[in-house]
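Two complexes follow with chain A in common, the first pairing it with chain B and the second with chain C.
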Partner chain A sequence: MAAAAIYSLFIINKSGGLIYYKEYGSAGRMDTNDSLRVASLWHSMHAISQQLSPTVGCSGIELLEADAFDLHCFQSLTGTKFFVVCEPGTLHMDALLKVIYELYTDYMEMPIRCELFDLNLSQAVQKDRVALLGR
Partner chain B sequence: MPAAAPRSGDAIFASVEHVNAELFTLTYGAIVRQLLTDLEEVDEVNKQLDQMGYNIGIRLIDEFLAKANVSRCVDFKETAETIAKVGFKMFLGVTASVTNWDADGTCCSIVLEDNPLVDFVELPDTCQGLYYCNVLSGVIRGALEMVSVHED
Partner chain C sequence: MQFFGGSDISPSPPAPTASGHNAHMMYMFNRNGVCLFYREWNRPLRTLNPQQDHKLMFGLLFSLKSLTAKMDPTSAEKGNLGVPQLPGQGCSFHSFRTNTYKLSFMESPSGIKIILVTHPRTGDLREALKYIYNLYVEYVAKNPVYAPGTPIKCELFNTNLDQYVRSIS
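Then we have the complex of A and B:
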């Protein structure tokens, strides 16, 4: 069975601007303009989905399943969105997104702390990979 | 009540890194002293403290939401209670109480029995009208604004 893998992580602010983007897959890093475009695209889709949703009190897309990937999205009450693109069928992405949110609040308050955030984030993602491989 | 139990203020306070209490109190005191020297006008200092608090609050709210695991409060009463019981406990290690509700339920007082900011502090007469702890109201204002609650 193929090891479940995380391809990339995006963090966008409440107005749709990209705060953080990290590529974990083998596809190579998207260039800055493309990543900004993807971020605002997702932001718009997320907002539209809230309007279109037939259920009351819907807070937007949480999971997008496609042939080649799954996209899990978490939105905090402050409107900051965390979404991760991963291999189809990857489990526990919701929990991972919550962990990322906590790391974000601890380390993203100042630009200086970005390195620490990166480090801790890699550890969290790595831990996830190892846990899944062990299954 | 939310399905996933929100963590109590005590539990979170115990799990985060702490700063020495005296250092915190004295640093705050030094900041207020310096502001009084620089700005001279008590009203200006109040405004500055509020602004500083606001800048802290807009960041603090995410940390609060991430750690406390609370869901959106149903009404303002719940909001005030959450701030007093979980918020203050989590960040300052003290519990506040909510009193003085007006008839509409739109206005209340949050009272801190034990306020770490004011330990050892004495205000001289020249500082009449200084809201020494105004940074706290700024923090609350900033935090609530980020979750779309506009308040005075």
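Then we have the complex of A and C:
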């Protein structure tokens, strides 16, 4: 059985702007401009696919099967899209995208945790000041 | 079903399985974007009027083909994004799936695009689309009364198509 080959990974924000792009080795490397255009185009295609749905509740393309590759896409509740370009027939890409999503949210959480830390710190400082002044 | 050309030309249809309307709708376009055919079997949701819907579908396919040609990881030489691809040129796609439907796509060498929209768990319909293309060839293209590039209005084509689509799982 052939090993799974992942060619590239894209993360785009809810407006279609490219947040992250990584090439894992393919003949079809793209320069920055092209990767930005591809991300933007995918964002639009994803939206249009919802408009053409024959039934309600469509959340956009999850899998695109092309001649030379498959594209798996995961959209978070906040509208951030994670998509991976891989060899046709590669399994477990959905699970991989969820893992990448979790890693991404962990990373994004860090600034928030820092904010909470600052908040708690200032509250603590305020309490001390009152205590000092009240002396 | 026996076609004039014999069974070696037309691919034999996949074995019929469960019946029932699992197909939502079908489109056919020519290379110029003219919608030659639209048939609906089960479409509870229509967000646009027919003309807009057809144009949007064609536009989506055009852009997806442009995208797949550009994203092809096995080819180094690619044109710019948005440049029209000739039929057969560049990496194309054969299907995509959302949570509510699966769209299967086929383009003939002459640029006839066939699109079948079915339920999301449908299998690979590439052979089915080839069979439908053959129905088109036999009942429409070979019909001396049919003018290429015009909407298809052929009862025999419709009947045979309906019958065949009902048999695909």
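In the analysis below, the second predicted complex is superposed on the first by the 104 of 135 C-alpha atoms of A that agree within 3 Å, B and C clash if a C-alpha of one lies under 4 Å from a C-alpha of the other, contacts with A are read in each partner's own complex, and residues count from 1 in each chain.
Please note the rule applied: a contact is a pair of C-beta atoms (placed from the backbone, for glycine too) under 8 Å apart; a residue touches a chain by one contact, two chains touch by 3 or more.
None of these values were measured; they are calculated from a predicted model.
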Superposed model, chain A: greater residue contact from chain B or chain C: C
Contacts for A:N120 in the overlay, against chain B (first) and chain C (second): which applies, first, second, both or neither? neither
Please work out whether A:E102 is in contact with chain B alone, chain C alone, both, or neither, and reply first, second, both or neither. first
Tell me which partner A:Q75 touches in the superposition: chain B (first), chain C (second), both or neither. neither
In the overlay, answer first, second, both or neither for which of chain B and chain C A:T90 touches. neither
Chain B to chain A touching residues, read off their complex: 59, 61-63, 65-67, 72, 146-147
With touch defined as at the start, can you tell me which chain C residues reach chain A in the complex? 24-25, 42-45, 47-48, 53, 56-57, 59-60, 63-64, 66-68, 70-76, 78, 81, 91-101, 103, 117
Chain C-facing residues of chain A, complex: 7-8, 26-28, 30, 34, 37-38, 41-42, 44-45, 48-69, 71, 85
Touching chain B in the complex: which residues of chain A? 76-80, 98, 101-102, 104-106, 109
